[in-house]
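Some structures to go through are shown next.
Heads up, the next two complexes both have chain A, just with different partners, chain B and then chain C.
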Partner chain A sequence: MKLAVISCIHGNYEALNAVLSDIDAQKADQIYCLGDLVGYGPYPNAVVELIRSLDIPTVQGCWDEDIVEGLNACECSYPSQLAEKRGRLAHEWTNTVIRPKVREYLATLPMTLRLDNLCFVHGSPNSQHEYLLPSMDSFAALERVLSTDADVLFCGHTHVPYVRNLGDGTLTVSVQRPGKDALETQFKTPVKQIVNVGSVGEPRHGRPNATYVLYDTDTAQVELREVPYEVAKTCMAILEEGLPPIFAWRLARGMEFAERADDPSHVCQR
Partner chain B sequence: MITVVAGPCGAGKTTWILQELAQMPMPAVYIALGADTVPIDATRVTARFPQVEIFHHRPEKELLQRLAAEVPIYFELGFQLETDVPLLEARPHRRVALVAEENRDAGWQLWADEVICGNHSTLDLQAAQLWRAPLTGQVFDPPSLDEMLIELTGGAYGNVHRVKGIFELPDGRAFHVDFVKGLPGIEYTELNLPHWRSGRPDRFSGIEVVGWNLEQETIAQTVRDGCLSDGAIAHYQEQYKALISDEINPEESVLA
Partner chain C sequence: MQWAILSGIEGNLAAYEAVLQDIRQQRSPVTALYALGDVIGLKGDNEAVIRRLQSPRPGELDPQVCIGWWEEQCFSLHGLSGLPDAPELMAQFGGDGVKQLWESVSRESVRWLRSLHFGFHELDCLLIHGSTVSYADELTPGTPAIQLCDRLLRADANTLFCGRSGQTFHLKIPEGAVTSTVTTLDAAAQTMTQTVRDRQIVGVGSVGKEPGKATYTLYSPYTNAVSFRTVRYGTQGKGFGAV
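Now for the complex of A and B:
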């Protein structure tokens, strides 16, 4: 079966449409969505309605949660004071325009989805807000995958796609006991994989093109897709809706609007 | 001896003067015309060469005294060639122009005694705008400052030809920032100034932007958004003080 996994649409309807057309052309059997349907972009309601109308299994992203629960971010949400101010502006705007039915739908989204040996999350199995950066410590990364009991963990949130293979290995845990010999236990771990699918609506890989992933469940082959779309239309809509013009400037350059994690050792406290 | 230095915006006038001063282990005087309340170049010069006197709103009489004492005097002119400097009239001076081959026209050749190769300038003087802001007392969130400068120099707020500034960071250091369109990257140079770790710095900092179609209000707002609050400054300064204390007395900090 060929899966298409998309994430981080952020109210960018033009990008979502282009990606859905590409998925159609690639003849994927099933689409999974890793959340962040809203936030920053100018079409939050239209994006949610399209995802719902296509009945795409979707997990809740950090922005979706913020719209339901209110802002309650850990420091990892924003890399700078400037980014935080912009993030808050975008949150307030989205919070104002979002329709009640859309908010209700976002509240129903699960944290994780499973399909056989595959697990789908937004940020990490711990939290929608936690970043699984490619430079994250191997042990921590392995722990995140093992906690799901799956072999392949699909995530988004960083907006930069990557595939990380965690080779089979042996973990030795040594417990020191006063007056006694240390208690040593060994665990064997099979090969695990983290697949970050990038971002449809707010890419940060240096080009404005949307990214998503195709996954073949029979061969375990991962294909990263990069899809051009009419960025100018989304930029124009950002300006027309009164969102900060800097969002359009950054989107057109593949720079992301505000959020970005840069500390791979940070454990999200949200 | 008076040396008058001129050249297009970003040609490297102050850098050339700094090179001259580096070869001169004696007092000197530096004057930047038109800096007004944003003396970025003068602050850069005096941070590197504390023995250099900055003449800014000081009586002409004092300057003449330095001249009589044979103290070298460097006049830096603004990028629009201003030859009408009353003080220079009837006083011998050496005229140096920093101009790239592409920018050399008859005006520079006629004015200068010596033409030195400077950075190429693509600034259209007819369309050029200058935006300046003193930032004394402001301390920047470092990643916000980075982001603001990337956007500013990348053209997010108009066509920027030149950015220079002096910015204070929460660890107490002050940096000179330099960007000239066509040259690689944004240059950050730490100034040789005491680390300011008690409240808002009571010394000059500021920014100057030269370009065209500049969105001045948006630039000002973005700069403001990157400045730390009193509470944040105090918080960071306490952290840095504790860090330094730990470095000085590592055993005490372990025992504590």
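Now for the complex of A and C:
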């Protein structure tokens, strides 16, 4: 079965349409969505309605959560203070225009979805806000996959797609308890995989094209897809809606111009 | 330099006094005293323990105390952090437990508890009640190895001392490795092997949980030596002799 996995649409209807056309052309059997349907972009209601009308299994992203529960996360919601300042403006705008039915739908979305040996999350299995960057410590990354009991963990949130194979994992552990002999055990882990599917509507890999992933469940083949679309249309709509112009500027370049978070793996203790 | 590290007094003043006595009797002097949370609980005299911690006697070490599971329940009851009305406490100990904890800690003491740290970074060690993930994170020798490794890496420490389980254990990770291959849109697959070496997690025991028997940990940072102390006290033990 051929799966298409999309994430981080962020109210960008033009990009979603283009990606759905590409998915059609690639003859995918099933689409999964990793959340962040809203935020930043000018068409949050239309994006949610399209996803719902196609009955696409979807997990809740951090932006979806914030629209449901309000902005109550700590600073970890954003990769930097600059990003947080911009993000708050986008949140306030989205919160104003979002329809009650759309908000209700976002509230029903699960944190994770499963399909056989595959697990789908927005950020990480711990939190929608945790960034699984490709540079993350390999043991920590392996722990995130193992905690799901799946072989392949699909995530988004970083807006930059990658595939990470984690193999030949070994750990020697020795336990000493009072009055007992030390017990040494060696653990070996099978190959696990993290697939970050990038972003449909707010890509940050250095080009403005939308990104998503195709995955063949029979061959375990992963294909990172890049889809051009009419970025200018979304940029114009951002300006017309009165959203911060910086969102249009960076969307046209496919980059987030902000410093990195100190601790992207920090888990929000809200 | 030698540290005494304890956890889980749980309002048991007699147990804490017995441990302090044992610390005083150490041939190699103890130079720092850490209490890794759960200084209060349901069974003992919480106010007396808090006063004892706040006011060490002349010549005694000033204990460095961090927050534990019971303190967090107290904050929740007082609306100071987490979810309101202490749902974790309610689920485990019911309405009676909630009432008892509410009545056994004064507002002034709650304010003092609230001023405590979440944990301590000393040298290459993290001393904490649960882990950096949560005060409720219970690490034991039965915790999956990769999870233990993750907690050490999150802690950014070579040694993690924790008290949540109440158990005494010394878990070492002498070595480990994992190979990671990353492919992006713009770069071909890049492979690297990451290793981990000589990390450890120490469960420091529980002072007050088991009547008549207190456990705690001694640690020498210079030699990396860990030893566990068991102190019998009161009517159920055989005097104050340590095992």
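As a working rule, the second predicted complex is superposed on the first by the 243 of 270 C-alpha atoms of A that agree within 3 Å, B and C clash if a C-alpha of one lies under 4 Å from a C-alpha of the other, contacts with A are read in each partner's own complex, and residues count from 1 in each chain.
Basically, a residue touches a chain if its C-beta (ideal position, glycine included) is under 8 Å from a C-beta of that chain, and two chains touch if they have at least 3 such contacts.
This is a predicted model, so every value here is computed, not measured.
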item	value
Superposition-derived comparison: chain B or chain C, residues of chain A touched	C
First, second, both or neither for A:Leu133, with chain B first and chain C second	neither
Which of chain B and chain C A:Leu224 touches, first, second, both or neither	second
First (chain B), second (chain C), both or neither touched by A:Trp249	first
Contacts of A:Pro161 with chain B and chain C, given as first, second, both or neither	second
Touching partner for A:Ala83 - first (chain B), second (chain C), both, neither	first
Common interface residues of chain A - those touching chain B in one complex and chain C in the other	none
Residues of chain C defined as touching chain A within the complex	133-134, 141, 144-150, 153-154, 167-186, 192-194, 196, 215, 228, 230
Residue ranges of chain A touching chain C (in the complex, touch as defined)	126, 134, 137-143, 146-147, 160-178, 185, 187, 189, 198, 205-206, 211, 224, 226, 265, 267, 269
Interface residues, chain B side, partner chain A - complex	141, 143-144, 146-148, 151, 154, 156, 218, 222, 225-226, 228, 232
Parts of chain A lying in touch with chain B, wherever the complex brings them together	79-83, 85, 245-246, 249-250, 253
